[in-house]
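Below are two complexes that have chain A in common, paired first with chain B and then with chain C.
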Partner chain A sequence: MAEAVQKARVVRGRSRSSPRPFGALVWALPPIAALILFFLYPLALVVQQSFHPDTGGTSLQPYADVFASEGFRHALWTTVWLALASTAGCLVLGFLLALVIAFVPFPGAKAVARFIDVYLSFPSFLITLALLFIYGTTGIVGSFQFLTTPWGVLLAEVTYFTPFVMRPLLAAFSQLDTAQLEAASSLGARAPRIVRRVILPEALPALAAGGSLVLVLCLNEFGIVLFTGAKGVTTLPMLVYSKAILESDYPGACVVAVVNVLISVGLYGLYRVVSRRAGA
Partner chain B sequence: MLVHSRKAKWAVWAVFLLLFLPLFALPLLVVLGASFATHWSGVLPSGLTTAHYRSATRGEALQALTTSLVTAVTASLLALATGTWAALAGAALKKRHRRVLDALFVLPVAVPSVVVGLSVLVAFSQPPLLLNGTRWIVIIAHTVLVTAFAHQSVSAAITRLDPAYEQAAASLGARPAYVLWRVRLPLLLPSLTAAAGLCFALSMGELSATMMLYPPDWTPLPVLIYAATDRGALFTGSAVAVVLMAATLLVLFVVSRVRTRASYR
Partner chain C sequence: MGIRFDSVTVAYDGNVVLDSLDLTVEPGEVMALLGPSGSGKTTALRAVAGFVRPASGRVFLGDRDVTDLPPYRRGIGMVVQQYALFPHLRVDENVAFGLRARKTPKGEIRGRVAEALEMTGMAAYARRFPRELSGGQQQRVAIARALAIRPDVLLLDEPLSALDAQLRSGMLAELARLHRELPDVSMLYVTHDQVEALTLADRIAVMDAAKLRACGTPRQLYRAPTDEFTASFVGGANLVPVTVGTGGVFFAGTEVKVDTDGVIPGAWATLCVRPHLVGLGEGPNQFIGTVTEIQWRGATHRLYVNVDGHTVMADLRELKNPPGLGDSVSLHFASEDAVLLPAGVSHG
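On to the complex of A and B.
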């Protein structure tokens, strides 16, 4: 008996902090090695290419060329404002829709929540494909060039990414104690006031987490922009693709890639810090 | 709960439907409708036909479907193995080391997939590993992109695992390998299958990295859909897109059956 207790204590000790830290580290090495070989090493090569192209010489010339070009500055601006506007749209729309599903439930609200989960497993370009039929040149609405403007991309991004905000929100709302709402309501608070003073503070962590995830995904979105076929809308991922594949300008593509990675990883790091602090 | 009067409730639901249906249901319905049509200039599609499906299920399209399925299954299994291994190894590490490991494995989510494609292309177009032009370069890129999601969901499941089971097994004399195989992995099975389904769906719809590196003899479905729409064959493209969605949903459904059977054990 005493031996069993002793052993159990040892086991528990191992699951908290290993008595053999070296062994645990060795076990972690194979997946890390695979990650380094297939992800970090290729990424390092991209950074190296951006400073030291195959054509020879180490210089900041590719950076100077890219930053000086009108196309790059335009793409950078388009990417950032599209991502910010899409995120804002997704947050507002996602909050409203999740609010109705959670607090004004109707028959079939569960099915709608299930539908949103399914929706997340479809690729983003399907939305643009559908919009091509609705707003395209031979489409339902008619032949105005809505889709080739940034507004078409904005509509597609808001449509596709809103469920990414709704899912964490619905999870947060399901943990909210409804007694709080009843209490506020019985004290005479109207619905807008309850939303503002009771529900919104509870939803803030989920909103922050979902919003920053959507911001990063929008900055990196490629399929939606590619499918619009719009020459007028160029985002950073699109620029990487066209420089590398269409123009075979690898140093230029690598420079744009480095800038894009810096923006996205910086924001994603911020997201991790925010969501950890929020306990999500 | 929030809105009490009957009238206000109906108003809220009407607004909900007005927002929800056009934004989320309409796109899928439009793609579905277009896949059966030859013209769409009015409100409803016209010239109903199943010819697009006949061409979407044979020849080039059938080959693309096989390509997508093989790529997605291979990539998800590889990603699941790597992600689960990393999550299990990470759970045994000290907190400081574990955070480094977690950060390393979520990094592919934050890096744009186009850049992942570019970097894989740059790295494996030169010795020592010359993979450019083979199917493996596509599979590697997909694996890198989905491993992060596998790792994230499995490591979240490990932290929720009740340690009492493995402690009981270990106290009865089971070796660590036996505890892992007979206790921890069966308990993790529901989240493992969920992670596999997620990885599969993501890989089936992956377009950005694939566009950077697909060889001519290894064209997955999304690339085919893009090629069709790019040359103006929107209706054929929608039929292929419906095939893609149906294949994804079918596999997800099968995977979710595995999950429910496991949770009854």
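On to the complex of A and C.
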């Protein structure tokens, strides 16, 4: 008892000299607990399940099975290239559109910029539905088969995710000093050079932020792939869905889910490293 | 190459902010555009640079009508108050920007950049980023960047306003030196600081409320202003309403002998006397008033004296025994130091 009191005193004595490790811990505890309870625990369950084949016991068998299947490898490839291509498409399209909205004076530019905020709140399947109405089998423009191909998914993802790139870009452009653009112009630079040498370098952080967000969102996109009804297009989230719900292969589904999470985190990390190297 | 404004009018949403400006800057001349805030100085400058389109009138660079040319084809150097350097480019790349944009041969760029940095005393900072420089250094880089393309016309919009007073006078001397080194470059120098205009300019154009009020050499505008606004804005002035007699004017019961050529006897006019030309005590053109305020300014005392309902300012060499508030004092001035102006707002 006396020992404990002494210890407490020592702790209190130390906390006065060093910057309050105890107090900081108290404040950090609730969010950490919430994180563990609502995020890490379910994730751990998924990981745990992925090591428990239906036949019982703990083994790497589910991984071996999934990795060996042609379907998985195909889905993995589809997911990655679709996400990368969509991100690239969003970056290019988003940059061009944001340039026009920010720098080409046309009536309603403000309204368009505000509409983008609203657009971000739309569910992703809505855009796919809209595309179906335009290009689908009973569409306005006429029936186009490409909607049910990977290209259809790519189109839908670019359409839906481009505003996610535009928003940080528009914010960055509004911070840009117009005096710099005018100085460049006086010095003899035309629009393309100003875009390349003045605007683009200052937009890099915004591009990196928007691009990494879109990349991760695309890797995990489910609604768009489902709604295009593209038969041949199976991405990892779709594979998780079909394994878990349609085939009741829970360990298999968990394996795919774990892979999906690892790729998301890995690509995101890579993207950050690359964009930091690029000076963003 | 000179600059010529030919009845240039600029309006924003029907608001005229530059009212049919006629002004010529001779080749190699430094013209200061001086005026209070909002008088249209920047607008005039931007019309030359090509960033605002005149509603009417033409802008000429030399013999070339540039009114319809985009900014990148005008070949003008421009320096603004906030430097506007490219933050992600090092100093030498900032200076090289214009050369690259104008497709200067690669081998030539390095030398031209070094030359421009040398001229502005920034050669030692070539590999720094703008954020690693002080305000004065950044402004030197901005000037180097503008000069690197060897423009015939240099536009400066309050280039020293963001600097502190001491640095400002140093930079002013630098600009004067640059002008001596580049005698063929015409400069249009926007400022609302009369000291900068008087120090640097060959001629000063005084602007007020979108209009050109006066244009002349600093000496002309200071010694013989032609309107009340110019008189008070350039150098400060006592402006008092007087009635014109024959061979003189009447102020506070005193007759002042001034040149009244071209003014009708009996009409109203404004008498202009610089504060530092007003003396204390007995003398010619003497009048009496009450001291309402005294300011000690180090080397001088400024007296505000109420004469017949008008405030007269006198800048006097530091007084041993300054008068007290409410004291009655005599002031005087020499006839040749007074200028008669057409009656204006001081009669309001």
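To be clear about the criterion, the second predicted complex is superposed on the first by the 245 of 280 C-alpha atoms of A that agree within 3 Å, B and C clash if a C-alpha of one lies under 4 Å from a C-alpha of the other, contacts with A are read in each partner's own complex, and residues count from 1 in each chain.
Here is the rule we use: a residue touches a chain if its C-beta (ideal position, glycine included) is under 8 Å from a C-beta of that chain, and two chains touch if they have at least 3 such contacts.
Being a predicted model, the structure only gives us computed values, none of them experimental.
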item: Touched partner set for A:Ala183, first chain B, second chain C, both or neither; value: second
item: A:Pro201 touches, of chain B and chain C: first, second, both or neither?; value: second
item: When both partners are placed on the shared chain, which of chain B and chain C touches more of chain A; value: B
item: Which of chain B and chain C A:Arg193 touches, first, second, both or neither; value: second
item: Touching partner for A:Ser59 - first (chain B), second (chain C), both, neither; value: neither
item: Touching partner for A:Pro31 - first (chain B), second (chain C), both, neither; value: first
item: Interface residues of chain A shared between complexes with chain B and chain C; value: 182, 185
item: Complex contact set, residues of chain C against chain A; value: 49-51, 70-78, 80, 82, 84-88, 97-98, 101-102, 142, 145-146, 149
item: Residue numbers on chain A that touch chain B, as the complex places them; value: 4, 7-8, 11-12, 14-15, 17-18, 21, 24-25, 27-28, 30-32, 34-35, 38-43, 45-46, 49, 93, 96-97, 99-100, 103-104, 106, 112, 115-116, 118-119, 121-127, 129-134, 136, 138-140, 158-159, 162-163, 178, 181-182, 185, 191, 194-195, 216, 219-220, 222-223, 226-227, 229, 236-237, 240-241, 244-245, 250, 253-254, 257, 260-261, 264-265, 267-269, 272
item: Footprint of chain A on chain B - complex, ascending; value: 1-4, 8-9, 12-13, 15-16, 19-20, 23-24, 26-28, 30-31, 34, 40-43, 82-83, 85-86, 88-95, 97, 101, 103-116, 118-124, 140, 143-144, 147, 163, 166-167, 170-171, 197-198, 201-202, 204-208, 211-212, 222, 225-226, 229-230, 234, 237-238, 241, 244-245, 248-249, 252
item: Chain A - residues contacting chain C, complex; value: 177, 179-180, 182-190, 193, 197-198, 201-202, 279
